[in-house]
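You will see subunit A twice below: alongside subunit B first, and alongside subunit C after that.
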Partner chain A sequence: MELLDTTATIETPERVSFRYRLAGPGQRSVAWIIDLAFQILVIALVVVLLLPLGLAAGLEGVGAGLQYLAMFVVQWFYGVVFETLLAGRTPGKLLLDLRVVRVDGSPGRFPDYLLRNLMRFADFLPVAFGIGVLTMAMDPRLRRLGDLVAGTVVVAEDKANMLGDVVLEPPVSEAERRALPPRIELSHDDLQVIEAFLRRRPKLSDDRAEELARLLGPALSERTGVEAPSWERVLTLAWARATGRDRPVEAPAPPPAPAEPAPPESRS
Partner chain B sequence: MNPHLCRVALRPRGPLEVFDLSLRLIHAHAGRFLRLGLLFVLPWALLGGAAVALSELDVLVLVLLPLIFFPLQAPATLLGGRLLFADTVSIRSVVYELTSMLRPLALAWAWQAGTLSLGVGCGLVPLVIVLPVTAYITETSLLERVGAARSFRRSARLAGSNPGIALAASAGWVALTMWGALVAESGGQALIGFVLQLGQPFGALSTGQITPYMIFGILAVQPIYAIYRLLLYVDVRTRVEGWDLQVGLRAAGLEER
Partner chain C sequence: MNVADRDAFIAPRSERWARLERLLVSGPDGAAEWAELAAAYRSVCADLARARSSRLPSDVIAFLDELAGRAHNRLYSVRPAGLGLSLLRDSIEAFPRELRAQWRFFLLSTVLFYLPFAVGTLGALSDPSFAALVLPEAQQAMLEEMYAQEDLVRGLSGDASMAGFYVFNNVGIAFRCFTTGALAGLGSVFFLVYNGLMIGTIGGYLGSVGLGGNLLEFTSGHSAWELTGICVSGAAGLRLGWALVVTGGRTRAGSLRLAAPSLYRLVLGTTLLLLVAAAVEGFWSAGPAPRGLKYAFGVVQWGIVLSWLALGGRRGSL
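Presenting the complex of A and B:
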């Protein structure tokens, strides 16, 4: 059964599936507010620069015209320019780790960015992205009208966090290792849930950890014969034996001693 | 209903991602939420809209409006909570369950309203602190089925363990309510004024009047907010109490037996 999540799965022509995290109105609204602030800053800068220029030249109308032109260009092409230059990201999206990609997961192209940004004004109607948010709410991939037309989707990029090794605290002692059954088989689901438990253990209180471990510990102990003073330890030991993590950690080999210079060969 | 298999992927998320997830949950059960909205939101929206349109009581309506937020949010919270562990939940069963829990729920709300009034009214504690403390009181009352005092303590404890998320729950309510009011007002004015060419028969927010569109918008987003807050509650329990682990370990324990 597919669990409800903010992810979507893509299958490549080579039948390789991969998952990406979707970004909906929650995440995108904050990115948009940052972009809006950035646009206001750019427009203000242009106004400050162009107004004195027009006044100095005695052409107030030209200065004002250039300002309106600047506002038009910034409002309509801000997204297109930045998404093209930053590979699907505006400064707001960059700060929130969001990126525009095509629905098949491939990088977006200039026509895609142009199309989705031209449709932004339809999404904005009647105000505050009313149509855009409603469209996102009705689309399983959380796409607004512009995304639907351009065939794009906004994804949240996960930071590349490599999970470290599970730290068993305290490590399995020699006495515990000897008392363990020689072989323990755990299902894939059991292994996963116990590993998740061990990884999150430092963030849980002792009482809560024991309360959680009691949900699986008794049944596991009965089946595998693992015995320990606490249910948490039963889970730890069973997981350690099943995954081979109950073996003593080998101390890293000392670095090789620097080779002594060979005595000069004596020539006779 | 299978309480050992959650239909939503449980993992710690940020408040913004939780909002996106709440839209996914509503989308997945759109028909049920629509029926619930027609049953609970529409009558209040019509009543509030009529009161604003036909009388001079618009300010009074706006002041009294927060009182019906609780009863508007509770059915959605209950439906959402049941849908976390079931594929189908009937609206009838939600209504029945809600009526059976009305007394403890009303007590919990009274507790919440009292705390908010006391804290803010006496100038002792600013709203930004009081509001998050009582943020999860509907969830703790309805889903954990505990009494008013205990649900208040649970809510305060959950909020205290992760104040950022509790604050996001309150900020989310403000943002969503304002967004609902603005979009409904603009949409209503566009439909009546521009499309049907009827002008502004109910006035306009831009001229400082409270309109039926705005009332409708404010009320219509309350169930959406309820689902958002429910999933924030799930998120904070996942972070603080390892709720995802509880569901997973219990399911594994049953499998072992």
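Presenting the complex of A and C:
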């Protein structure tokens, strides 16, 4: 799942570039399975709706013809129709906050959606998206064949409130605080790396966390003089002191979290 | 960089960001809110640039990145108007123009289809054992039974059912023929040769058992649309495979990208051809019209298709 950290930089007409997180094969498969379920549901619905027609004398064939037509449209145009109507999203992508955009970040257009969805047949070959997954693995932007032809990428739109404070677990104890050197200077890059590590920490296993911490821990310990039973703790303590977060919790007024008061969503 | 800088950056802006977040979640409503969204988007872009240049912590930058990204998508994802009209123009005018520009691929796919077609027809006509190589015996019997009926008429119900099936089956085959061109063109070659050989052999076989007239009567109306549609899908597939293999110094992705507009028009064309074919095959080909009329109708259809492909989209036409 490391691939999921990949980002694509997009330059806007406003001359500001921002980064998107690219959707990896995992998220995209989940979205596809949801879409598959939707497709089956739609076809089942059509079959049920056409039942009365099948019973009418002389019109059985009309119902059958419409069923074939529905199967054709759902099989080939489900993605095209939804991505055109929902600005690059199918119901599955909507649920997972994924979106199809062009490589330069501009919104997709009908020809892009048509090509990428027709090409899904080739991506699926020989079984279970074999070609698609292989192509994604070789492409730095995680594009399947259909994306390459259409010039699109699938991006993830995170809605997580990323401005939350870093949580130190456990918090810096009084004894640890006293043992720390009075002043630690860390470079901007060091701070960024450690902060990213601490934010990811809840999602990592203990062993993996220690393994990652060992990459920076020894050098950091030597440079700053921070001592701790684990490398993870070395990183935590050094970062806490350098950023002034090692003080006992005195319930400081936290900065207002911008994205918090989201009104009840009505997404359907 | 310390906590104070971070807070000093966030505090005066957080309310604006929260407002933008609310607009994005609820969806802007009315001109005033859209204008507000546009303004808030521009200011968050400025905040992002500022945050980057003053090296604020990564969480602030990441937050602004995704906020600006979502606002950008919201603003720029308004559906284009007039899609139906441009679709119509692209299929009717731009497609024949494109096909003429890609005449090498069309010629190749036509040969790849009609050569096996001719082999199948002549083989099955001259040697009864040839058909057995291509067609299983059960299918031979079924074909004979199908075309032996004096009267092809199947009524509205049967017509509608078959028209739906033709769309599902034939357009589906054409799409597969196109997309498998991604396998260096080999998939398209397979579909062209296989279908050419099958259709030709069926024709030859029915001719050899004396049912050629019935077959011709049935197929004359839609053959122009259907056979041409198959060849166009093959041309699109070969074009796709060519772009993937012969990149002309570009990356493969870049080469595919360059071919995309052409592929799009060819796909529209093949879809239109096969939809018309399905409609004619469903509602006319098995109809009650006398044989002579059906032949004449078929000749007219070939005239329409060929002159459309040759002349459609030229300056001054339409």
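The rule is short, and it goes like this: the second predicted complex is superposed on the first by the 148 of 268 C-alpha atoms of A that agree within 3 Å, B and C clash if a C-alpha of one lies under 4 Å from a C-alpha of the other, contacts with A are read in each partner's own complex, and residues count from 1 in each chain.
As a working rule, contacts are C-beta pairs under 8 Å (C-beta built on N, C-alpha and C of every residue); 3 or more make two chains touch, one makes a residue touch a chain.
Bear in mind that the values here come from a model prediction, so they are computed numbers and not experimental data.
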Does subunit B (first) or subunit C (second) touch A:Pro52, or do both, or does neither? neither
Kindly classify A:Ala137 by the partners it touches after superposition: subunit B alone (first), subunit C alone (second), both, or neither? first
Just subunit B (first), just subunit C (second), both, or neither: which does A:Gln27 touch? first
Should A:Ala196 be classified as contacting the first partner (subunit B), the second (subunit C), both, or neither? both
First (subunit B), second (subunit C), both or neither: which does A:Ala128 touch? first
Tell me the contact category for A:Pro181 with respect to subunit B and subunit C: first, second, both or neither. neither
Using the superposition on chain A described above, determine whether A:Glu157 touches subunit B (first), subunit C (second), both, or neither. second
Touched subunit A residues, subunit B compared with subunit C: C
After superposition on the shared chain, which partner residues are touched by A:Gly105: those of subunit B (first), subunit C (second), both, or neither? second
Touch check for A:Ala219: first (subunit B), second (subunit C), both, or neither? first
Overlap of the subunit B and subunit C footprints on subunit A, residue-wise? 21, 139, 192, 196
Per the touch rule above, subunit C residues touching subunit A in the complex are 1-3, 6-7, 10-11, 13-15, 17-18, 21-22, 25-26, 41-42, 45-46, 48-49, 55, 57-60, 62-70, 72-73, 76-80, 83, 87, 155-165, 167-168, 171-172, 175-176, 178-180, 182-183, 187, 240, 252-253, 256-257, 259-261, 263-264, 267, 282
In the complex, subunit B touches subunit A at residues 5-9, 13-21, 23-28, 30, 179, 182-183, 186-187, 189-190, 239, 241-242, 244-246, 248-253, 255-257
Which bits of subunit A are touching subunit B when the two form their complex? 1, 3-7, 21-27, 29-30, 126-128, 130, 133, 136-140, 142, 156, 187, 189-190, 192-194, 196-197, 200, 203-204, 208, 212-213, 215-216, 218-220, 222-223
Subunit A residues within the subunit C interface of the complex: 10, 12, 14, 16, 18-21, 58-62, 64-69, 71-72, 75-76, 84-85, 87-88, 99, 101, 105-107, 109-112, 114-115, 118-122, 125, 131, 139, 143, 145, 148-151, 155, 157-159, 161-164, 166, 188, 191-192, 195-196, 199, 243-245, 255-263, 265-266
